[in-house]
Amino acid sequence: MSPPFVEISFHVRYAETDAMGVVHHAAYIIWFEEGRSAFMRACGLPYSEVERRGYWFTVAEVHARFHAPARYDERVLVRTRIAELRSRGLTFAYEVRRASDEALLVTGETRHICIDHTGAVRRIPQDLWEVLQSAFEEKQRERSS
Amino acid sequence: MSPPFVEISFHVRYAETDAMGVVHHAAYIIWFEEGRSAFMRACGLPYSEVERRGYWFTVAEVHARFHAPARYDERVLVRTRIAELRSRGLTFAYEVRRASDEALLVTGETRHICIDHTGAVRRIPQDLWEVLQSAFEEKQRERSS
Amino acid sequence: MSPPFVEISFHVRYAETDAMGVVHHAAYIIWFEEGRSAFMRACGLPYSEVERRGYWFTVAEVHARFHAPARYDERVLVRTRIAELRSRGLTFAYEVRRASDEALLVTGETRHICIDHTGAVRRIPQDLWEVLQSAFEEKQRERSS
Amino acid sequence: MSPPFVEISFHVRYAETDAMGVVHHAAYIIWFEEGRSAFMRACGLPYSEVERRGYWFTVAEVHARFHAPARYDERVLVRTRIAELRSRGLTFAYEVRRASDEALLVTGETRHICIDHTGAVRRIPQDLWEVLQSAFEEKQRERSS
């Protein structure tokens, strides 16, 4: 994943493992969510604030590829960036890596649609969009440099 | 558990297991919840209806004792009854058993308080209370017979 | 989804909802898993038996599209079929529908690789493969008829 | 909770909320687990190491009291200490607080039994026991001072 992305790090919880002895695949979907929560906080626009404003970035699609397993007590990294930004939605991309050796564990994307509390699709409000756009463009700039 | 109780049965999900190879202890807390959902449905008063009426039976306390583990794909029974009914709350009691031999796996209780959507403690509305009381008394009657 | 598929039905658990008031998107990934557990049981080859034989169908990829939300206490249907069968793995496809009106809620696929307990990729053992092939061909036959 | 305890802090995940708009009660049980994982790490005896040695501190009982709700994106503190240490098991006590104002959200205990991988109850191995005893005594000393 090319920078800039927002990275968080935490220990694998025991409850996140399954009888295969490794992290259950659905747990990574929740880590993706925690990754984008951290991304939004780092942008100065916590998602809780988006909700207070009356908007939801509902999940329209999720895709994950599992490369190698994480295990209980290991420290993992979740890296999140905006992959696409549109007027009515956005796509986040994720990488999960083991912290000790940065081995790639899981990659994925989630596609979101902006809705209001009636469920109607809405344009992302201008001021929120500008915050996201700035985070997205920073990434583009970084890539082309 | 003395009758009458409401019993549901389902297969253990893979996601409910952990690296010990058995069901994670927090999963039973969710089964308790599913047990009381089934209890309320069987009373003709689904909890979703309680919520639509503007009330929540918020969880004030949970207690569980783990006797033996359940494993993936096993069929389990969850038996639920009202253990105590008061004007502003109630306590459910639970038993989880393995379906094949009725071996006792987990027992527990959850204590609930009736609140409205502002979070204020409220009396359980009379008509809801009567439904619960009838389910509770049936149990008492059965016990003394 | 064209038949034959294996269908299961259950109530949405309260714990599966989130602060949007609807089912959290990761819960459907767990329902997919429960769908393929039911599929394998219906084939006469429970996945727990596959594991006892020393094999795992590890999840290599998951993809889900969210069309409409499910809510607490609703009854839902999960339909599962084999979408692709290969010597070293297979892909399941899923549909989640609301039971009351069969409204389509979520569709998805999971791709699996057959590994042994050392993590090495393995051919699906011949007798297991034949059971899966028979379930898969039945589907193909049904489609072309 | 009197010191010393081990404290960890993290943000509430969206997946941990439910349709009441607050954290689901079972999520705290998982936070307790993460609290004792952190406690063991802080003792220099990660629980993953206990398992590698062939022992499990299986959960025999869990008890939680819910005082006030946590919400998505809030930062919470989980404080963990050993409440009782015996030759064949131990009890952890927990406090969950909102980080912003240290408001008490949840208190609880989990009782554990030391078993080996056959499921037989075992004395906690001497060297592990000494590490735990030292953490426990430090607490006692602190309390009486």
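The first chain written gets the first letter, and so on, giving A, B, C and D; residue counts start at 1 in each chain.
The criterion applied here is as follows: a contact is a pair of C-beta atoms (placed from the backbone, for glycine too) under 8 Å apart; a residue touches a chain by one contact, two chains touch by 3 or more.
Here the structure is a predicted model, which is why all the values come from computation and not from measurement.
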Pair sharing more residue contacts (C-beta pairs) when A-B is set against B-D = B-D
Most remote chain relative to chain B, going by C-alpha centroids?
-> A
Go ahead and note the Å separation of the Cα centroids belonging to chain A and chain D.
-> 28
Can you check how far apart chain B and chain D are, centre to centre, with Cα atoms defining each centre and the answer in Å?
-> 25
Chain A and chain B have mean C-alpha positions lying a whole-number Å distance apart equal to 35
Would you pick out the residues of chain C that each touch at least 2 other chains?
-> 14-15, 19, 26, 30, 33, 51, 71-72
Per the touch rule above, chain C residues touching chain A in the complex are 19-20, 25-26, 29-30, 33, 51, 56, 58-66
If you look only at chain C, which of its residues touch chain B in the complex?
-> 10-11, 13-15, 30, 33-34, 37-38, 41, 46-48, 51, 71-73
Which residues, counting only chain A, touch chain B once they are in their complex?
-> 14-15, 17-19, 21-22, 24, 26, 71-72
